[in-house]
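As C-alpha cells, the structure follows; a few thoughts come after it.
Going by the order they are written in, the chains are A, B, C and D; count residues from 1 in each one.
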C-alpha cells in the first residue's frame, strides 16, 4: 500500500482526534520551552479550547454517512459521534475543574504534564469510540489506562496519591491481561481482529467446543473490561483510587473513563457476541444466552455499590461507591437489550456526567477549603454558602434519581427498557430497591448540609472554572429532567445509532 | 501437518497465565507482582501467535497483535515501576500489603 | 502423535517455561525470582520460533528477557528491597485464589483440549519480518501510530513520577 | 376557566420561588405572599369547581418524552374528582397558611416555613390535576420531598429529624410498589394515560392476573402514602412537625393522596375482585388497628395521628367495597373536620405549651372559641347524627355491607365505637375537669388562628349535606356522572338499620368516655395506667359498666395489646430485619475493602472463576 493509497482515505473523519493529538503535542513542547516562572494554567485553557474545537468538528460531521478508514480500524459512525460528544464534553468540564484545582501539596509544579497527559487519555478514549478493530480498540484502551495511571499518581509527594496510582496499576495490569486473554480466543476462533468480520465468521460457528470457548471468552473479556466500568467483580479498586487521586482526576476516572469503558463494552459485546451462536441453542446469540450472567453482575454491582456506600465517611469514597452503583444501573440497560438501549445508555451517561462532575466541583471546593474529604466537612454548608448547598442539593437529588431531574429520566429509560421482551422482574426490583437504599446516603449528605450547624462561618470564593462547571451541571440536570426530549430529538434527528452500528 | 497439536500450545499458555495470575495475587513484593502480570501478558501472546498459525483462517494478524501487546506490556511495566519508585520514596517499602492507608 | 523433532523441542521448551514459572512462585529471594523468569521468557521466544514467528521471537528476547527484566532488576535495586522472605500473605486468600485458578484453568481447558481446526499451510515463516512490516505500515497504521503516542506517554509519565525534583533542587 | 386550570398549582410555586429568593428580606411579611398566592389558587379552584358542575371534563396534553416508539405526554385534566380535590387542597392550604401566621410567629425561619408550604402545596395541586400516571408519580415524589422538609422543619430536634427521614423512607418503600406497578401497566397498555389505561382494561387487553398484580402494586404506593398497615408507622412520628403542617399533611393532602390515587385509578381496581378485596381488608384492618392504638395515647397530636390512620383505613375500606362515592365523600368531610381538629389542637398547644393530655384539663372555660370548635370536630369524627362525619361514615358502612363484607362491616362498626370513645376521651381530658399541670397564662389564640378554625367548623357541620340519604345525593350523582366505569359505584341505598347501628355505637362510645373521663365513675386510667382494675370493678355498681368491662372493654384491651404486639414486634421486627441485612451486607463489603490491593484483584478473579465454572457446569456443551 503506497502513500497514494493512504491518501485516498477520508482522513478528515479523524479531525477531532487530530486536534486533540496535535494540541497534546503542542502542550508538551510549550511546557518544555516556557519559562519555569510562567503559570501553567494557560496550558489548561489551551486544552479547553482544543476540546471545544474538537466538539465543533464532531458536530460538523453529525448526520454524515458512516466513514471507514483502513478496514474499519477507524470508523466514524453515529455511535462514535454520540459518545465522542459525551467524552469531549466530560473532559472539557474536568479541565475546568483542573484549572481551578489548588491542592495543599501543590499540583502547580506538575501542571504542564497534567494537561497533556490528560489530552492523551482523552485521545485514547476517543479512539475507542470509533474503532471496529480489536487491536485499535485495545491500543485506545491502553492509551487511556496508562495515562490514567500517571494522572492518578501525579501528586508524587503525596502518599495517598502514590498508593492510589500503585493500586490502579496493579489492578489495571491484571485486568488488561484478563481482557487480552479473552480477546486472544476471539481472535483464534475467527482469525480476524476486525469486529464485523469476526461477527460474520462467528455467526456460522457450529462446533460445540468452539461455541463453549467463545462463551468463556465472552465472560473473560467482560470481567476484564468491568475494571474500566468499576463494576462487580472488578470494582474494588475504585474507592481507594478515587480517594487518593487528585479530585479532577477522580472526576475524570468516574466519568470519562467509565464512559469509555461502556463504549468498548458495547462495541465488543454487541458486534462480536451479538451474532455468535451459543452452545445450547445455535439460533440464540451468546449475548442473549449470557443475559442471566449479565443480570447477576448488574445486580451485584448495584447492591454492592449502594450498600457499602452507606458506611462511608469520606465523600470521595462515597462517590466511588455511588459510581459503582451507577455502573450497575447502566448494566441493567445492557442486560435487557431493549430497542432503545443505545439511547438510554447514552442519556444516562450524559445525566451522570452532568450531575457527577457538578458534585465533584463542589467536593473540590469544599475539600480545598478544609483540607480533608470527610462528609462531615459538609456540615452547615447551607449557612456558609447557600448557593453551593442548593446546587449540591439539586445534584444529589438528581443522582438519587428524583423526578424532575435528569437522573430520573435516565433511570426511567433504563427501567422501562428492563421490561422489554422478556421482563427482568428481579433485576428491576433490585434496581428500585437499591435506589431506595441510595437515598440514605445521598440524603445523609443533604442532612449534613442543611440540618447541621457549621463549624466555621468562613465563606467560599468560587473560581471561574468551578462556576462554569456548576452552571452547566445544574442547568443540564434540571433541563434534561424537565425537557428530556431535547437530548432525544438531537439523537433521533441526527444520529441513527442503531442503523449504522452493525454495518 | 504438525506433530504438536495447537491445543498443546494453548494449554501451555493457560498454565503460564494461571501461574502469572497466582503470582500477581499472592506475592508480597510489588516488583514480583508487576513481573507476574508480565507473565500473564506473555501467555496471551503465546495464544495469539499460536492462533496466527493454527487458528481459524491463519494470518499474520495474530503476530501483529502480539507485537502490540508486547509494546503495551513494556509501557505498563515502565509506568508501574515509576509509580512504585515514587511510592517507595514516600513509604520506604515495596511490600504490597503495607499499602493500606486507603481503606474503609 | 509422533516423536518428531518438533515435538521434542516443544516438550523441552514447555518444560523450561513451566519450571521458570514454578520457580517464580517458590523461590524466596526476589532477584532469583526475576532470573528464573528470564528462563521462561527465553523459552517463550523459542516457542515463537516453533510457531514460525521469528520476528516476534526476536522482539520477545529483546523486550522481555532484555528490557523489562533489566528494569525490574533496577527497580529491585533502587527500592533496596528490605525483606527477601516471603511471609504469609493471608492464608485464606492464597487458598481461595488457588482454588479459583484451578477452577478457571479446568473450565478453560475444557474449551481448548480438543481444539483442532483443520490446518492450512501457511507462509508465515517466509519473509516473516517483511510481512509484518507490510501489515503494520498499511492496515495497522492507526494503532501503530497510537502505540507511539502510548510509548511516549509512558516515557514522559515514568520520568515525571520517578524523578525526585526535591532532591535535585537541593543539589543545585 | 378550566382550560387554564394549570395556573392553580403555579401560584404556590411562585410563592415558593419568591420566598426562596427574597424570604430573608421579607421576614414576617413572607406570610402575606404565601397567603395571597394560595388565596388566588383557592379562588381559581372554586371557579373551576363551579364551572365543572355544568361543563364536561377538560383534558389537554402534549408530547413530553419519547422512549423508543412510545410517546409519553404531559398535561392536565379537570374531571369531577380533580376539581373537588383542587378545591379541598387549596382551601385547607389557604387556611393553614393563614393560621400559621399566628402559630409560627417569632420563629427564626418563618420565611423558610412559608416557602416549604408553597412547595408542598404546589406538589399536591400538581398531583391532583395530572392526567397520567407518570406525571402523578413525579408530583407524588415531590410531595414526599415537601413533607420531608416540613416534618423536619424543627431539625434541631433529633426526633423531628428522625421522623422526617422515616416518613420519607417509609413512603418511598410504598413508592417502589407504585413505580413497578406503573411500569408494568405501561408495558401492558402501552400508555401512562388514565383514560387509555381504562380503555385497555375495559377492552380486555390486559389479563386478569396482570390487572390484579398491577393494581396491588399501585395500592402499595397508596399504603405508604396514606399510612395504611403495615407502612403506617411514619405517620404518628411525623407529628414532630409544626402543628399547622400536621393539619395540612395529615388531614387533607399528603395522606389523602393515597386515597386519591386509588380513587383516580378506580376503574382499574374495579376490574379485579382480588385487588378490591385486598384494599378492603387492609383498610378495615387499619381502621380498627389504629383506632385501638389511639385508645391509649397521651399525646394530643398522636391521638389525632392514629385517628387519621384509622379514618384513612375507612376510606380504603369504602373504595375496596366498591363504594367509590363513599370513599371520596369521606375524604372530603375528613379533610374538613380533621384539619379543624389539628388546628384546634394547635391552638390548645399554643395556649398551654404542652402536648401531653395528662397535663391539660378544664380548658373549656379558658378557651372559649377553641373548645366548642374542638367539640364540633370531635362530634363530626365520632359520627354523631347531623354532622358531616355521620353521613360519610354511614355511606361507608352501607358500602361495606352492600359490598358483601359483613365481617369488615362489623370491624368498621367496632372501629366507629372506638373512635367515638377515644375522641371523647381526648375531649374530656383536655377540656373538662380540673386543670392539671402548669397552666398559668392560658389565653385564646389570635384571630388569624381562630378564623380558619371557625370556617372549618362550619364546613365540618354542613359539608355532609351535599350527599345525604335524606335530602339528596348530589355529590355522589355528580361524581359518577358521565363516567361509565363508575356507574355502579355511586351512592348506595342501605337499610336504615345501618344508620341506627352506627348512631348507637358512636353514642355508646361517647357515653363510655363520659363515664370514665368526665363523670369518673370508672377509674380513668384503666387502659393507660397500671391502676387497680379489680377494685374498680368491685366498687362499680352500674350494670352497664360491668357489662362493658367484662365484654367490650376486656376484648378491646386484649385486642389492643395484641395489635400493639404486632406493631412492635412484627412490623418493627421486619423493618429491623431488613435494615439489619442491609447494614450487615454493608459491613461485610466494607470489611473486605481492607486496603489490600491483591484482595481486590483476587475478588475480581474469583468472581470470574466462579462465573466460568458455573457456566462450564451448567451451560457448557458438556451438559
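The rule is short, and it goes like this: a contact is a pair of C-beta atoms (placed from the backbone, for glycine too) under 8 Å apart; a residue touches a chain by one contact, two chains touch by 3 or more.
Everything numeric here is computed off the predicted structure, so don't read it as measured data.
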Give me the chains shared as neighbours by chain A and chain C. B, D
I need the chain pair with the most C-beta contacts, please. B-C
Express in whole angstrom the distance between the two chain centres, defined as the mean CA positions of chain B and chain D. 63
Centroid distance [mean C-alpha coordinates] between chain C and chain B, Å: 6
Taking the mean of the CA coordinates per chain, how far is chain A from chain B in Å? 26
Please report how many Å separate the Cα centroid of chain A from that of chain D, as a whole number. 44
In chain B, the residues touching two or more other chains are 20-21, 24-26, 33-34, 50, 55-56, 58, 61, 64, 68, 72, 75-76, 79, 82-84, 86, 89, 96-97, 99, 101-104
Which residue numbers or ranges of chain C touch two or more of the other chains? 89, 93, 97, 101, 104, 107-108, 110, 112, 114-115, 140, 143, 147, 150, 153-154, 157, 160-161
Per-residue multi-chain contacts in chain A, two or more chains: 135, 138-139, 142, 146, 149-150, 153, 156-157, 165-167, 170, 174, 178, 185, 209, 212, 216, 239-240, 308, 311
Are the chains arranged, by touching, as a line, ring, star, complete graph, or other? complete
Chain C partner, complex, touching residues on chain D are 596, 598-599, 602, 605-606, 608-610, 612-613, 615-616, 620, 622
Would you pull the chain A residues touching chain B in the complex into a rising list? 134-135, 138-139, 142, 146, 149-150, 153, 156-160, 162-167, 169-170, 172-174, 176-178, 180-181, 184-185, 187-193, 201, 239-240, 243-244, 308, 311-312, 317
In their shared complex, at which residues does chain B touch chain D? 21, 24-26, 33, 96-97, 99-104
In the complex with chain C, residue positions of chain B that touch it: 1-12, 14-16, 18-23, 25-29, 31-32, 34-36, 38-39, 42, 45-46, 49-50, 52-56, 58, 60-61, 63-64, 66-68, 70-79, 81-86, 88-89, 92-95, 97
Touch list for chain D against partner chain A, complex: 63-70, 134, 137-139, 141-142, 145, 152, 155, 161, 165, 168-169, 172-173, 176, 179-180, 183-184, 186-187, 582-583, 585-587, 589-590, 592-593, 595, 597-601, 603-608, 611-612, 615-616, 619-623
